[in-house]
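Order as written gives the chain letters A, B, C, D and E; numbering starts at 1 within each chain.
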Amino acid sequence: MTADAVTTPGGLLLPLAVLVPFLGMIAGLVLGGRNAQRVAMVTIVAGVAIALGIAQSMLQSGDTLVYVLGGFAPPLGIALRADGLSVVMMVAVAVVIGGIGVYARGDFGTPDGVREARAPLMYWLLLLAVWGSLNLVFTSGDLFTLYVALELLTFAGVPLVCLDGKGETLRSALRYLLFALAGSIFYLLGAVLVYGEWGTLDVALLAQRVQPGPVTWAAAALMTTGLLAKTALFPLHLWLPPAHAGAPPAASAVLSALVVKGSFFIVVRLWFDAMPALPGFAAAQLLAGLGAAAIIVGNVVALRQERLKLLIAYSTLAQIGYLFIMFPLAFDAGTGAFVRGEALAGGMLQAISHATAKAAMFLAAGLIYATLGHDRIADLAGAARRVPLSVLAFALGGVALTGALPSGAYVAKKLLLGAADASGQWWWALVLQAGGLFTTGYVLLVLSHALRASADAPAPRVRVRRSQEAAALALAACSLLLGFADVVLPGDLVKSPLDPGELATLVVTVAAGAAIALALGRRLPALPAGAALAAIGSPIRRATVAVGLLVERLDFALRHWHVAGLSLVVLTLLFAAAMSGAR
Amino acid sequence: MSTLVDLFSYVAIGAGAIFFLAGTVGLLRFPDTLTRLHALTKADNLGLGLVVLGLLPHVAGVLPALKLIAIWLLVLLSGADASQLIARAARRGEPRSRPGP
Amino acid sequence: MAEFLLGAAGFVLAMVALGLVRILRGPGDADRMMAAQLLGSGGIAALLLGGAAIGDDTVVDVSLTLALLAAFASIAFVQFAPPSSPGAPDDEERT
Amino acid sequence: MNAATVFGLLATALVGVGLYGFIVNPQPLRKILAFNVIGSGVFLLFGAIARRGAALGLGGDPVPQALLITGIVVAFSATALAVTVLLRLFDETGSTTLSSGVAPSASEPDPAKARE
Amino acid sequence: MIEVFHLVPALLIGALAVYTTVARDTFAATVGFIAYGLMLTVAWVQLHGVDVALTESAIGGGLTGLLLVRASAKLRATEAAARAERPRASTRLAAAILAAAVSAGLAIAVLALPDPAPTLAPEVLANMGPTGVGNPITAVLMAFRATDTLLEAIVLLLALVGVWSLAPDRVWGGRPGPRYNADPDGILAFIARVLPPIGIIVGIYIFWVGADDPGGKFQGATIVAAMWLLVLMAGLTDAPPISRRLLRAGLVAGPVAFIAIGFAGVATAGAFLAYPDGWSKPLILVVEFALMPSLALTLGLIMAGAPERAEAASPREAAP
C-alpha cells in the first residue's frame, strides 16, 4: 500500500462500490413493498459488476486503486484504496451476496395480498446495508471512517438477528449489540490515541510515521481487542452462537459468512499495513493462541450440539480461530515486522472459502429445516432423500471446510503449513491439522444421520424452491473450486487427487474424523456394528464424553456476560504488555 | 464609565451568586419535596436573571443581548411549568415524602 | 473582570454540585426530577459566566440550546416517571 | 495543569468507571448507560487532544472536533437502537435478563424431550 | 483561578459518572446521567469545542435523556430481577481492579502524548479559503471529510430502519409509539404550544450560523426534532404512519441530494464530493438545507420508536 494519494484510473469504482448498495437501500425504503426486492436484485447485479470492474482495473494496472474523496488528500481528506486484499474480499462478498440474494427470494418474498410486509422489506434493506458497509471496510484507508463502517455493519447486523421478532432472538440481538458496541468503543479509543500521537488517521501515512511507544501500544491493544470482540474470537464469543443460530437462514448466512469478516479485515489492515513493526512476536503468538483455543473449543462444542444450526454456528467460532493462526506465521523475525506473503495469502483464502462454504451450509440447513420442520441432528434421517441437493450442498460446504482437495481451504492450509514450516513454528501446524480432523468429524456426524433412510417416510409436504437449492449448491461449489485460485498463487500447491500421498492423507483424515465423531458426538447413529463397537469403546467413550462436557462447561462459563467483559479487559492489558515487551 | 459599568456587573453577578447560594441552602435544609422545589425554582431563576443582567453590558450588539434575555425567559417559562408538573407528580404519587401531620 | 467572572462561575457550579447531592439522594423521583431544573438555571449561569470570561460570544448559543432542552428534559421526566414511584428502592417500609 | 490535561485525565477515569458498570451491572439499561459513560470518556479524550492541537488562533484542532460531532451522533444512534431492542425484548418476554440457556449437563438428552 | 474553574466541573462530572454507575435505582442513575450530560457541555466549552458543546447539549442533554428516562420508567418492574443477577463480590472486585488498571494505563498514555501536539489546524486554515465557509469545523464536515458526514446521515437512516424492523408484524406500517393523552388545557399542552415556535426559530438560527460560527445542521435538526417530540408528548399531534411514501421520501431527500451533488462533483470538479471553483459555499449550503429537514425527521422518528399501532386504528383508540 503506497502513501501517495492520487486518484488512479478506475478509482471512481471505489465510491460506487460503497454507495450503490446504500442507494439501493434508500430506493428500497422509499419504493417499499415488493419493489424493495426488485431494487435489491438490480443492485446486486450492479454491485457484482462493480466488483468485477474493480478486479479488472486492478489486474490491468497491477497496482493499488486509489480514489481521493472530495479532491482533498490525506491527512486532511480521506482516500479510498483497494489493494489485492480488498479486491479479493470485495469480489468474494459480491458472489456470496449474489448467492444469498437468489436464495432469499424464496424466503423473503412479500406475501400475496399484502402491500408491504415487515420482514421481507427489512431483510432486503439490511442485506444491502451490510454490503455497502463491508465495501467501505475493505476500501477505506482512514481509521475513523473505518469506525463508522464498523458501526454501520453492526446496525445492519443486529436487526438481522431478530428479524423473526421472537423473544429469544431479541435477547441474542441485544447481547450482540451491546458487546459489539463495547468493541467499537475500544476501537475508537485506540484510534483517538493514534491521532493524538501521530496527527493522522490515514493508514498509509501511519505506516510511515508510527514508532513504538506507550501511546501507540495502548492504541494498538485497544483497537485489536475491540475488533476481536466484534469478530467473536474466543473467549469474546458470548454473542455469536445464539445470534447466528437463531436468525433466519438467509440472515445467518450473511452474519456468519460476511459480517464477522469485516472486523477481521480491519485487524489485518492494522497489523499488516498501519503498524506492521509494532505488535511483535509475542502479541502474534497470543493472537494465534486465542485462535487455537477457538478451534479446539468451537469444534468440540460443535460436535456436542443437538441442532444443526447451532452446530454450524459453533463451527463458525472454530473457523474464526483458524483465521488468526496466520499472524505469527507472517511475522518476519529479521525485520521484526509482519510481511505479506504466503501466510497472509493463506489466511485470506481461508476467510473467503469459509465465507462461501458457511453461507452454503446455513442455506442448506435452512432448506432442511423448512422440509423436515426441525433441525435436530439425531432426527435427520431421510433428509437425503427429501432434499438431496441441500444435503449435498451441506456436504460439499463441509468437505471444503475440512481442507479436502481441491477446495480453497486445502490451498489455504498448504500455504499456512508451508509458512509454519519456513518459520519453524511447528506447533501451529499441529493446530491446523487437528482443526481439519475435528471439522471432518462433525461433517461425518451430520451426514451419517442425514443419509440414513427414514423409518417413516411421509411424502414431503413442503416443497423447497429449486432456485434456493441451486444457490446453496453453487456457493458450496465455489468453495470447493476455490482451490483453482492456486493458478495465481506462487508454487504448485494443488496436487493430483490421485497422488498416493494425498490419498493416504484423505484416508487418515476421514478415519480420524470418524473416530472423533464417535468419541465426542452427542447422539450416534445406530450403526449395524454399533453394539459391538460400543462394548469395546464404552470406557473410552465415557472418558471422551467427560472431556467434551468439560469443554462445553468451559464454553458456557465463558459466555457469561461478566466473564466475557473481564476477558475483554484482560486481553487488552495482555496485548498492551506483549507489545511493549517486544522492544 | 467603564468602572461604573463594571461595578454594576460586580453587584448584579454577586447578588445572583448569593441567590444561587440561597437556593442550594434551601435545597439542603427544607424538609419536603414541595418546599425544596419552591426554593430551587424561585432562587435559581432570580439568580440567573441577575447574572444575565450583570452580563448584559458586556455583550457586543443587540442580538447577543436579546439572546441573553431570551435565555432567561426560556428558563423562567420552563422552570415555572416544569416545577408545577413536578409538584403535581410529587403530590399524586408520594404521600410519604411530605412531612407527617 | 475575567477573574471575577470565572470565580463566580466556579461558585455557581459548586452550588449546583451541592444541590445535586441533595437532589439525587431522593427519596422520591420528584426530588430527582429537579436535577434538570437545577442544571437548567445553574449550569446555564456558569456557562454564560465562563463564556464571558474567555470572551467567546458563541457560548451564548450553547446556553440557548441548553435552556430549550433543559425544559424538554424536565417535561420528559414528568411525562414518563411512573406516578406511583416509590421512595428509595432499599426502603423497607415499601409495601 | 491546563484544561487539556485535566479533562484528558478525567476522560481516562470515565472510561474506567463506565467499563466497571458495563461489566458488573446486570440490567441492560445500565449497560447502555455505562456504554455512554465510556463513550463520553473517549469523546472527552479526543476533545482534550483537539485542545492540545490549538494553533494559529484556533481554540482547537478542527479535525477531531468535527469527528467528535459525527461520533456523538453515531453513539446516539447506537443508544436508540439498543433501547428499542431492549424495550421490545421486555414487551415480548417480560424480562430483560441477558443470560439464556442452561448449563450443559452430563446426561445424554432424552430423545423424547429433545423433540420439543 | 483558571485551574479551579477547570477542576470544579471535572470533579462534578467524575462524581456524576460514579453515581450513574453505582446508584441502586435505575431511574436515579438515569437522572444522574442526564445531569452528567448537561455538565459535559460545560467541559466542552472549557476545551474550546463550542460546536461539540452544542451537539452534546442537544443530543446528550435532550434526546438521549428522553430515551433513557422513558425506558427506565418502563423497566422499573425488572429492577428486582436484575438485582438478583448481580455478580459476586469477587467478580465485582476483579472488575474494579481491571477497570482501574485500564484507567491507569490510559492515564500514562495521556501524559505521554507528544508536546507540541500534532495538529491539522494549519492545513485546515490553509485550505479553508476556497470553501467559502468561515467555521473551520463546517469546512471539515462539509468539504475535507464530507464523506464522513454523508456516512453519518446513512448511519441515522440505518438506525431508523433498525428501529422500525423491531415492530410487531401486525402493526407494520402503523404509527410509532403510544398515543399520548394529556389535558388539552393543562400545563403540558400550554408549554407544547408556546415552546416549539421559539425552539424552531432557535433551531433554524443554530443551523444558519453554522457556516461561519459554531452550529450547523445536526444541532439545529436535533432541536427541531425535540420540539416535535414535545408536541407529540403533549398529545397535540400524532406520529405519522410509517408506511407513508411521502414520509419516507422526506427521510431520504437529504442524503439523496448529498449523494447527487457528490456525483455532480465528479463531472464538474473531478472528484466525488468535490465542489467546482467558486461554487463551494452555495453547494455546501444546498446540501445542508436539504439535509436539515431529513435529519430532523429521522432523529424524531428514531426517538418515536418502532410502530406500535396499526395504521387503520383510530388515533384515539390506543391510549398509552
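To be clear about the criterion, a residue touches a chain if its C-beta (ideal position, glycine included) is under 8 Å from a C-beta of that chain, and two chains touch if they have at least 3 such contacts.
Treat the numbers as computed from the prediction; the structure is a model and nothing was measured.
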item: Common touching chains of chain E and chain A; value: D
item: Shortest contact path, chain B to chain D, counted in steps; value: 2
item: Identity of the most central chain, Cα criterion; value: D
item: Pair of chains joined by more contacts [C-beta pairs], D-E or B-E; value: D-E
item: Furthest chain, CA centroid comparison against chain B; value: A
item: Centre distance in Å when chain A and chain C are each reduced to the mean of their C-alpha atoms; value: 48
item: Distance from chain D to chain A - Cα centre to Cα centre, in angstrom; value: 25
item: Whole-Å separation of chain centres (CA-atom averages), chain A against chain B; value: 58
item: Residues of chain A touching at least two other chains; value: 76, 144, 148, 151, 155, 158, 162, 165, 170, 189, 193, 195-196, 199, 562, 565-566, 569
item: Of all residues in chain B, the ones touching two or more other chains; value: 70, 74, 77-78, 81, 85
item: Residue list for chain E, restricted to those that touch at least two other chains; value: 46, 48, 50, 74, 79, 87, 91, 95, 98-99, 102, 106, 113, 117-120, 124, 144-145, 148, 152, 155, 158-159, 162, 166, 188, 191, 195, 198
item: Touching chain combinations (by label order); value: A-D, A-E, B-C, B-E, C-E, D-E
item: Residue ranges of chain A touching chain E (in the complex, touch as defined); value: 7, 12, 15, 19, 22-23, 25-26, 29-30, 32, 67-72, 75-78, 115-119, 122, 125-126, 129, 132, 136, 144-145, 148-149, 151-152, 155-156, 158-159, 162-163, 165, 170, 189, 193, 195-200, 213-215, 218-219, 562, 565-566, 569-570, 572-573, 576
item: Interfacial residue positions of chain D with respect to chain A in the complex; value: 15, 19, 22-24, 26, 28, 31-32, 35, 38-39, 42, 45-46, 49, 52-53, 63-64, 67, 70-71, 74, 77-78, 81-82, 85-86, 88-89, 92-93, 97-101, 103-104, 106, 108-109, 111, 114-115
item: Chain E partner contacts - residues on chain D that touch it in the complex; value: 1-21, 23-27, 29-30, 32-34, 36-37, 40, 43-45, 47-56, 58-63, 65-70, 72-74, 76-81, 83-88, 90, 95-97, 99
item: Touch list for chain E against partner chain C, complex; value: 1-2, 4-5, 8-9, 11-12, 15-16, 19, 23-25, 27-28, 31-32, 34-35, 38-39, 41-42, 45-46, 48, 50, 53-54, 57-58, 61-62, 65-66, 69-70, 73-74, 76, 79, 180, 188, 191, 195, 198-199, 202, 205-206, 209, 213-215, 219, 223, 226, 229-230, 233
item: Residue ranges of chain B in contact with chain E within the complex; value: 70, 74, 77-78, 81, 84-85
